[in-house]
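Structures incoming, each one as structure tokens.
Paired with chain B in one complex and with chain C in the other, chain A is shared by the two complexes that follow.
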Partner chain A sequence: MSHSVKSFIKLTSFELERISKVFFGLIGFTLISNLIGYIFPILRFNQDIEEYMISQNISVEMAHDALGPFSFDRVLNSGWIAFPIVIGVTSIGLYALFTWYREWFGKNTFAYRLFMLPVPRTQVFFSKLVTIYIGIYSLIAVQMLSVFGGYQLTNWLIADAVMDPNPLISLIHSNFLFAYLFPVDTGLYFTINLIGLTGILVVFTIILLERSYALKGFGLGLMYAGFVIVLGILPHFIGEFAGNRYLLFYSELMIITYILLALASIGSIIWSRHLINRKITI
Partner chain B sequence: MNKQYKLIGFVAFILIVFIGFKVYDVSASPEQMNLTVSTELGEADQMEDIQFIAHTFNYTNYQQSPNFEFRDGSFQNLNNQSMFEAMDYHFSPSVNSLIDRYRSFVRGKSQSPNHFTETDNHVIYTAFMSDVDWNVRGSDKLLISSLNKSTEEEKDFEVNLQIPDGSSSYYYSVVDTYVNYSELTIIVNTYNSTNEEELTLIYEFDIENPTDTLTPVAHLESELGQGGKVQVSTNVNPANRYIPLRHLYDIEETMYGEMIYSSVDFYVYDRQTQELTAIPSFEDSATMVDGDDSSDNSQSDTANENNGTSDDYSPDEMIVLTENESVYVAQNKGESVEWYTFNVESADLQQVGTLDMANESIGREFVDYYQTTFNNTMHVSDGKLYASGVDFNQEIGAPVFQVSDLASLEILFYGAIQTDDPELNEVLEISVYEYEIIPDGLESND
Partner chain C sequence: MIEVNNIYKSFGKKKVLNGVSFTAVKGEITCLVGVNGVGKTTILNAIMNLTPLKKGSILIDGKPLSVDSYNHIAFIPDAAIMLPNMTVQEAMDFMKDYYKTWNGNRAKEIVKFFRLNPSDRISNLSKGNQAKVNLLMGLALDVEYILMDEPFSGIDIFTREQITEVFSSRLVEDRGVLITTHEIQDIEHLIDRVILLDNGVVYKDFNAEDMRETEGKSVVDVMREVYNG
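Then we have the complex of A and B:
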């Protein structure tokens, strides 16, 4: 293993160690919230059945027939599943800021020591990026396992005759949130990840601009972010500007978008590399 | 290396779970479903001129609900498309076929199937500016393009439409275009949302002798009188001389805002003479012979005497279809239809005979949501009658098709769309969209 790869792994491991408590906290929050989410709708369903039986003076079977089967879809669409995902996404977004600023605003100016390490400074940049991605995918992986566990739990708690026959994978495929989080549609997953990667790289560039040029850098960073957003959505307005919505076929529009987002990502890396190597002040 | 155990652990965890999920996804996903034409009578190759989109929905497994395109006698599972193919896919087999064959001609044009008309040698596009630029409202500027299939020569025109004096409209739409190259007959519907005035106008345009402004050669509401609504028949052959029209009037509005028409008349518009001819009711026709008069009269009376309730009113009592120089008229009797030929010059109906229908509604279901067209599920092409519908004999309905020979009044084919799996058929709902007939000689594929 080359020296630079070793140093990169060490740096990434170091970054991960520093944030692991937050990640474990998010994982724990996700699992507890999900667990409540798996049990609560079942209790609610049983309560509905009971109330309906009493109000209509009918048997359990008739109440089940009237109210329909219990679908795990009801669990997947509950706030107990969506809320920890929103918290996870928000936390990782904030962490993208925190991972840089704590080097300057911590107890000591750790940035000085970090940038004095005998490794290329871009390794610091990429180790922080990789750590964020490890955090994102860890949370998604935990959510995947949680859903499988929750489905088994629901099957134990609900009688087979009352359970909706749709298999779990079918419900995952048709769920709005999981269609974006889980790799069920290759094209959509690629698009979401490309947008996410570009977003994180742009945030890193804004932070490094601010660290390099203070308030002016922050202003410049915001302008850059605005430019990238315009670049990303511009192809979708070509038809509006040209007065013809059908000027480009949708595949052509998406290819242009992918190319522009890839260029923005590469541009952000090159600019960040320049800033971190030559402009940043400690 | 021990110091990196957390990093290794996290990465390994992610890889194992993601790979495991993908393996589960592939193994747990249902087997790919296939649709087939199950034949009850005749040969399935009679379906080769029919194309449509079949949407499936499995109540017990949402994932097993793919869409299919039926073209050239076989089904294509649309889930098997590549990412970029799926992005460009349009839910109209005829528009997809045009995109496949004439991508540069279709570029920049509204991708609505009724905006394209294909003949043996040309593809004609007729649409309004507002169809491609959604910021433009109430544009009376009609865009016309023609593509010569063999020379690939393209001609483009922008034409201003005049509408009758005293009328102003906000919405314009092309209902259909008939072509005898280089002459076009364009049927346009206009709607004024202020006074709710709706006009159906017919324009003529010559591609070889173009003009900047077109005045209508016919204003159907004005010519038919009595207010109401004019519907234009959907069409298979753009060279047909006669255009069937249905005039609905004596309108009542229900408390739910639904419009109910208690009177209906049928007409044909002659593209050569630009005249309208009324189709006589079966009881009025003097030359109708050999018919079952008692039942004919009772059905006509039902149509004429009803007072607007949807239960006793059947707007589909009469069927009017055309092909080339012929006008076919039929009396709907549910399980059968009584066929006549209509002589436009003498305005006479000549009885041909009775055709059995596979069920009492096949081909006679009203499916146009905008109510500007009729004959949506029954067409004549190359002397054959094509009808589609839904058979609700099973718990979940299956789309059914019937192809009949109009000369001999024999059923050539009758069948349904199903899967190979009888258990799956019990839980699968199949709906047909964008049902189209492609006449012989107009091959839909490359």
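Then we have the complex of A and C:
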């Protein structure tokens, strides 16, 4: 293994170690919240059945018929499941800022050490990016395993006759939040990931601009972010501009969008590399 | 040799360095002196590529700054720069992981010399001991040049004496040291060359011993002449 690869792995594992407490905290929070989210709707459902039986003076079967089957969609739509996802997404977003600013404004100025390491500074940049991605995918994986486990748990706690027979995949596919979190469609998966990557790279570029040119840099960064957003949505208005809404097929439109977002990502990396090597001030 | 060639630097509209040039060589202690805000720290930061210059160049042994420069030059800034939750030992392990120039035996020697406890957390150390950790991180590297920014700042007299001892010890021997300090009287007898900065330029560049012998003036005397008009 080359010295460069070794130092990159070391830097990434060092970054992971620094985020580990927050990261394991988020995983723990997700699992606990999810567990409550799996059990609570089942208890509620059973309670509703029981109350309905008593109030109507009917049998369990009749109550089941009247209230309908238990759908796992109830679980997926509960706040116990959605809230940790929102917290996770927000935390990762904030971490994209925190991962840089803590080096300057933490208790000690670790930026000195980090930028004096005898490794290319782009390794510092990519180690922070990879750490964020490991965090994102690990949280998604935990959420995915948790949902599959929760589905099994629900099947175990609810009688087969009362359980909505819809398979989990179709429930995920039709759920707004989970459709984006675990996209079944390759195109959607690719779109979400490319938008996410471009977003993080643009945020990194804004931070490095601010660290290089202070307030002016921040202004420039915001302008750059605006430019990338326009670049990303522009192809969707090509038809409008040309006076023919059906000028491009949807697949063509998406390919153009992907190319433009990929160019924005590459541009962000090149600009960040220049800033981190030549312009940044400690 | 560290060659600083005609460097310019501004912060907003304020011109801090206005064509500064000097050299610092191996085996000598060169002291950058000047009043607050004259740009001493900026020069050290620029040598380490930690701040961009408007104009000018810096060469280390004839080569422009690059990643490899950090294998030849160490910087000990006037701030704690290792993570506060690290122990002294973890900080040393971190350095060992990244610097091929890390000298473990010398590190042990310095830990002993400064009476540091490797299991102490950096955040729990006094300012003086944090300064010693900073020195440890720089001095344990087998590099040709060491830059030190205000190593005595906010440190008690006993720690200051201990740090002063470093300059005359073999921990520094044969290396080129470029230092900035306000407490010049503490190390005046050890300094070889003085670069006096004023108004963004090198006002005077002289050999401290020659100055003492030929003009009978100490570095502080020369500083008084310049800054008191």
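Structural remarks
In the analysis below, the second predicted complex is superposed on the first by the 281 of 282 C-alpha atoms of A that agree within 3 Å, B and C clash if a C-alpha of one lies under 4 Å from a C-alpha of the other, contacts with A are read in each partner's own complex, and residues count from 1 in each chain.
Throughout what follows, contacts are C-beta pairs under 8 Å (C-beta built on N, C-alpha and C of every residue); 3 or more make two chains touch, one makes a residue touch a chain.
The structure displayed is predicted, hence computed values, not measured ones.
Here chain B and chain C are compared by how many residues of chain A each touches, and B touches more. After overlaying the two complexes on the shared chain, residue contacts for A:Lys279 are found with chain C alone; chain B is out of touch. Once chain A of one complex is fitted onto chain A of the other, the partner contacts of A:Ser174 are limited to chain B, with no touch recorded for chain C.
In the superposition on chain A, A:Lys10 makes contact with both chain B and chain C.
Residue contacts after overlaying the shared chain place A:Leu153 against neither chain B nor chain C.
Of the two partner chains placed around the shared chain by superposition, chain B is the only one that A:Ile134 touches, whereas chain C remains out of contact. By the touch criterion defined above, A:Leu220 reaches neither chain B nor chain C. Touching of chain A by both chain B and chain C, each in its own complex, is seen for residues 10.
Listing the residues of chain C that touch chain A in their complex gives 45, 48-52, 67-68, 70-71, 75, 77, 79-84, 94, 97-101, 122-123, 137. Per the touch definition, chain A reaches chain B in the complex via residues 9-10, 12-13, 16-17, 20, 134, 137-138, 141, 144-145, 165-171, 173-174, 182-184, 186-187, 240, 243-251, 254-255. Those residues of chain A lying in contact with chain C across their complex are 7, 10, 14, 18, 106-110, 112-113, 115-121, 212, 278-282. Against chain A, in their complex, chain B makes its touches with residues 3-4, 6-7, 10-11, 13-14, 17-18, 21-22, 24-25, 28-30, 60-64, 83-88, 99, 103, 107-111, 132-136.
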